[in-house]
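Letters A, B, C and D mark the chains in the order given here, with residues in each chain numbered from 1 onward.
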Amino acid sequence: MKKGLASDNYAGVLPEMLEALVEASRFHAKSYGYDDFTEKAKQEFVKHFGNNIEVTFVFNGTGANVLGIGCAVESFNSILCADSSHLYVDESTAPETFTGCRLIPLATDGEGKIEIETIRNGIIRKGDEHYPQVKVFSIAQPTEYGTVYTREELLAIGELLKKHDIVFHMDGARLFNAAVSLSCSLKEMTRDAGVDILSVGGTKIGLLFGEAVVFFNKKYSQNLRCRQKQSMQLPSKMRFISAQFHRLLRDEIWIKSATRANEMADRLFEGIKNIQKIKITKTVQANSIFAIIPAEWNESLQDLMPFHIWNERTNEVRWMCAFDTEERDVDEFIRLIHNLDNI
Amino acid sequence: MKKGLASDNYAGVLPEMLEALVEASRFHAKSYGYDDFTEKAKQEFVKHFGNNIEVTFVFNGTGANVLGIGCAVESFNSILCADSSHLYVDESTAPETFTGCRLIPLATDGEGKIEIETIRNGIIRKGDEHYPQVKVFSIAQPTEYGTVYTREELLAIGELLKKHDIVFHMDGARLFNAAVSLSCSLKEMTRDAGVDILSVGGTKIGLLFGEAVVFFNKKYSQNLRCRQKQSMQLPSKMRFISAQFHRLLRDEIWIKSATRANEMADRLFEGIKNIQKIKITKTVQANSIFAIIPAEWNESLQDLMPFHIWNERTNEVRWMCAFDTEERDVDEFIRLIHNLDNI
Amino acid sequence: MKKGLASDNYAGVLPEMLEALVEASRFHAKSYGYDDFTEKAKQEFVKHFGNNIEVTFVFNGTGANVLGIGCAVESFNSILCADSSHLYVDESTAPETFTGCRLIPLATDGEGKIEIETIRNGIIRKGDEHYPQVKVFSIAQPTEYGTVYTREELLAIGELLKKHDIVFHMDGARLFNAAVSLSCSLKEMTRDAGVDILSVGGTKIGLLFGEAVVFFNKKYSQNLRCRQKQSMQLPSKMRFISAQFHRLLRDEIWIKSATRANEMADRLFEGIKNIQKIKITKTVQANSIFAIIPAEWNESLQDLMPFHIWNERTNEVRWMCAFDTEERDVDEFIRLIHNLDNI
Amino acid sequence: MKKGLASDNYAGVLPEMLEALVEASRFHAKSYGYDDFTEKAKQEFVKHFGNNIEVTFVFNGTGANVLGIGCAVESFNSILCADSSHLYVDESTAPETFTGCRLIPLATDGEGKIEIETIRNGIIRKGDEHYPQVKVFSIAQPTEYGTVYTREELLAIGELLKKHDIVFHMDGARLFNAAVSLSCSLKEMTRDAGVDILSVGGTKIGLLFGEAVVFFNKKYSQNLRCRQKQSMQLPSKMRFISAQFHRLLRDEIWIKSATRANEMADRLFEGIKNIQKIKITKTVQANSIFAIIPAEWNESLQDLMPFHIWNERTNEVRWMCAFDTEERDVDEFIRLIHNLDNI
């Protein structure tokens, strides 16, 4: 199918990842993560996130989130998260079935970000056995709407959670795009802000498959391997995930890939922001644009570059750029929009 | 790490699978299995297993088993399986946690196969609310011990289960090796024997990753996609699994790969079967050999070709051949054994 | 402890219930509900709710709700309920842990009732495997705030749910108080409105212990006994619950008991409604009053009759009447309020 | 229904328990166990079991077992228990559904007792993430077959478990009968032997309903109330269970009741032990007799006193005595047996 703006998981695979896979397939290697590729990949995580962490590699984003959170909870706990988060609206009941816990949805500021006051109001009834005891707070960085928490916002959240002994979980399905957006290191945006458990997305940045889970607080990774196996997220040929992450981090391909995706979103935004008939609905900070456009444009635009209608009622659309979005793709798309606008 | 006999998931990747992956990565494709590669792969399954089936692709073997079985049970049910099966002894509590059900272990005949009388004795207390109601019977074909149920044995099991309205699940992590061993089609060994739900192993036959689940009885696949998402086994870039299976089946690479593995096991067996100090403990029918050997041989042999000590008490070892085991590997291993025997 | 207005489960036991227990204890009886008391109690339910129903008896309200709902769902489903409902805020994670499903909180009209438009907006993404599929809608009648859905409101809800193939669950922890409030039969308020599964509270109306679950739609009770045992809610001496329900229904003690409790709440309401310093926050329709009172009154009032501070921030209090609340209790309480008001 | 030998939960209620219930119903009391009756009952447990314990009261035996064990496990754990135990064969999948863990059945010595060597062989693969990690070992005292572990056997088990850091759980559904059988204190048979978590049966000794859970190791009761609520075993009117236990222990009614039941079993045993056509199959140590009798006797005997056919194939029957079995009941039953024997 033709290249489009539908999703960064419609995209293919970064050429460097294919190279890494071919290389990793040349020899035998121990299964279930006891291989050298996995060891080397973990070293790259240490370089990027600091010492004294625990890292593992899993198949997919839902697996990363559920495994990470699952390591921190008991079944009478609850998990606070944005009511628009992927965790809440796009991962079926995986969190509940696997952990037995409750997800409690928090309202957002309209751009997918949770305000600190909202978190504070969600931390209630501690010690009351009748109420699911709040144990984890989870955000996505960037959010489902492509917005990015600032480092100051993250720090404030981290402090609040620490005070209440609540685990800080970050769903970084598009973590690299956020880091590039904030021009900060991966560590500054996660560990330094007080994040305890982190999902790091590989698939959307251009891996063939695979995500990572990072524990900054080893208290929660004590039984990691048991939970990973139990949650069906312990790959037998783990090296084929870790080899990709190794390459992604070592050669800073993540910077190149995320920068490209973010820049293309920005280029698109710049090209259309002044069109009266388009209403940009969320601040453009990473690699996606949310906009309300005339419904009669959908067909022509999707013909050129497929994308998702996010909200059928308002005709809000999502345009998602990826590592393989090219300037000419974007420019052609902008041109068509201007043409439609001028009809 | 050097090539060995440790496990077929220590092996690398079939070159044709790498080709298929590179090809599938060239274009954009719909996510979550709505792509053309997946459609074409399903058509290959229809060719091999017959019409009117449901197929999906998942990450790993535990996921395939738990998803398949999970589609057939309610949480007050039980699942009968061999006490030595991978499902029972090597998949942590994934089945219990995800289904709420009980696994009930059945004794085997010493070679990992469950006798029909044992199954019959396990089907008890129907309608008694105090007892987990038996709903699924699961075997591995071949078994953990590399033995293979004959088609007659499978048919007899299928009939018994049908009579008691019990779902027949087959864990085919090494299904292709069994089919080659029995010189029968995939369909004859599964659907024709009354199997309802089947896990088809890809990783061990030479895929980079990925397994399939096949439903011959669509009654159990009604909510398949919901359960697949919920069990964290719905790959966003599913095409990278299906493209491999498509190639594996279309070009009959599975026959080549399984034949090679089985033949190498047979070659090894023939080369050592007359050695007095070695006791072959399980009938060699697929791609593995179980044997009790003198413990003092372990070091030299593992130096040449690493393998697992299956039972430390008796020094029973497992030698597992894969698609990439070569004649000269085997011959060299045999030679070393003879040398050790003659010291 | 002295009699109070804290909760109807602080109250003792209706004398007729004690008589029924003593009587049921005189002989041996089959265990687990296969006894005559249970049979006779079920007949009373048929008299009150109509033919072709399934009834069972359980230990407590959380058990009744979770068992009833559990019979209707698969683990990838979701359950819509009021964000202020007992099910959502006072039953820990029992629903999630037992069913694997998600509870989705719906906003209420400020009095604990869910508006039909809110329900409609909650029924989304049918067939989308990424989203927990909505299967059950649950209300409490009366609500946590002592308000009562009218028969017309219930009918409208029932129709909407039927259209979307969603199960209508009613938590009737105080069902009898609602029926008396609406001056309708138990059947009119439940079955006739389209309720599929009903929890009937015994403990709060004056039983020593015990609740009932009624299935108007037998599709959901097919595996009832298995699920009941599995959810640890199958009493071995079930007769001691059913004997009480038998008596409660046969002799219409529920009418007497609920009428008393409702009348006492009404008497209290009438006695204080004109006091300026008190703000009645919820319409008084059953056996409780919610009111914001001056915080400095708490101590004196609780000294006389203990009660719960519902909302510490606003000093909203809950005064709950029971079958054993007497006119002189209420009058004395009213007198004290007037005294406090006049200081 | 007439008095029989079917089960001690067919029996009625000890008169002292009814008295205690009536007394506890006279006043209001705090709900959910924060009442004085519960406090006083806990003091009685301290008197019988020693200081520094945690006690709570639940509805039924399955609830007691699952709650107690649930407090000690994580979902990747396994629980070793007798393959004939109530926990394994008569509690549906309650343990799996609530804990996510596996129950692993151990063979017994033919009398329902697990030999120490069998336990030792079950403690395997520690630290291996592929295998459910053994965390709890559970026995019933007395066993399902009415046999009783000696204090020496219990001590040996306790020591072995301690060495392997495995939690010792005891299902004491008929604990009092065992204590009377061993002529030891409740503490000697439990805490002193190393038991960590204990279910104490009330229903079978003559309560109207209710069981207790005792934690000798408070490490496991840290989240007790949350887990109790979550497992639907937190009674709102808990005082009606605790008041019975208070009386049972304070007035040593348990000794009287258990002694009576045991003596009646012994009287029956003595009266029939020399009859050739009867084969006593299990050592008679508590309040039940297991025997193979001529099938043609069933009807006449059950006509006089109903009982369970335990094994239809061999016509092994179970005769269970209770607190209300009388000497004349037993003597009449013995007489009938002799008559049948002489036909």
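Convention: a contact is a pair of C-beta atoms (placed from the backbone, for glycine too) under 8 Å apart; a residue touches a chain by one contact, two chains touch by 3 or more.
All values reported here derive from a predicted model rather than from experimental measurement.
Novice: By mean C-alpha coordinates, which chain is most distant from chain D?
Specialist: Most remote chain from chain D, centroid-wise, comes out as A.
Novice: Could you let me know which interface, A-C or A-D, is made of more C-beta pairs in contact?
Specialist: Spelling it out, more C-beta pairs touch across A-C than across the other pair.
Novice: When the C-alpha atoms of chain A and chain C are each averaged to a single point, how far apart are the two points in Å?
Specialist: Going by mean C-alpha positions, chain A sits 42 Å from chain C.
Novice: Which integer distance in Å separates the CA centroid of chain A from that of chain B?
Specialist: 34
Novice: Would you kindly tell me how far, in whole Å, the mean C-alpha position of chain D lies from that of chain A?
Specialist: 51
Novice: Among the residues of chain C, pick out those that touch two or more other chains and give their numbers.
Specialist: Expected reply: 75-76, 91-93, 97, 100, 129-130, 226, 229-230, 234.
Novice: What pattern do the touching chains form: line, ring, star, complete or other?
Specialist: complete
Novice: Taking the complex as given, what residues does chain C use to touch chain B?
Specialist: Going through chain C, the ones touching chain B are 32, 74-76, 100, 129-130, 133, 223, 225-230, 234.
Novice: Can you list the chain C residues touching chain A in their complex?
Specialist: 75-78, 89-93, 96-97, 100-103, 105, 129-132
Novice: Which residues of chain C touch chain D in the complex?
Specialist: Residues in contact with chain D: 1-4, 6-7, 9-13, 18, 21-22, 24-31, 35-36, 59-63, 66, 91-94, 97-98, 203, 208-209, 226, 229-237, 240.
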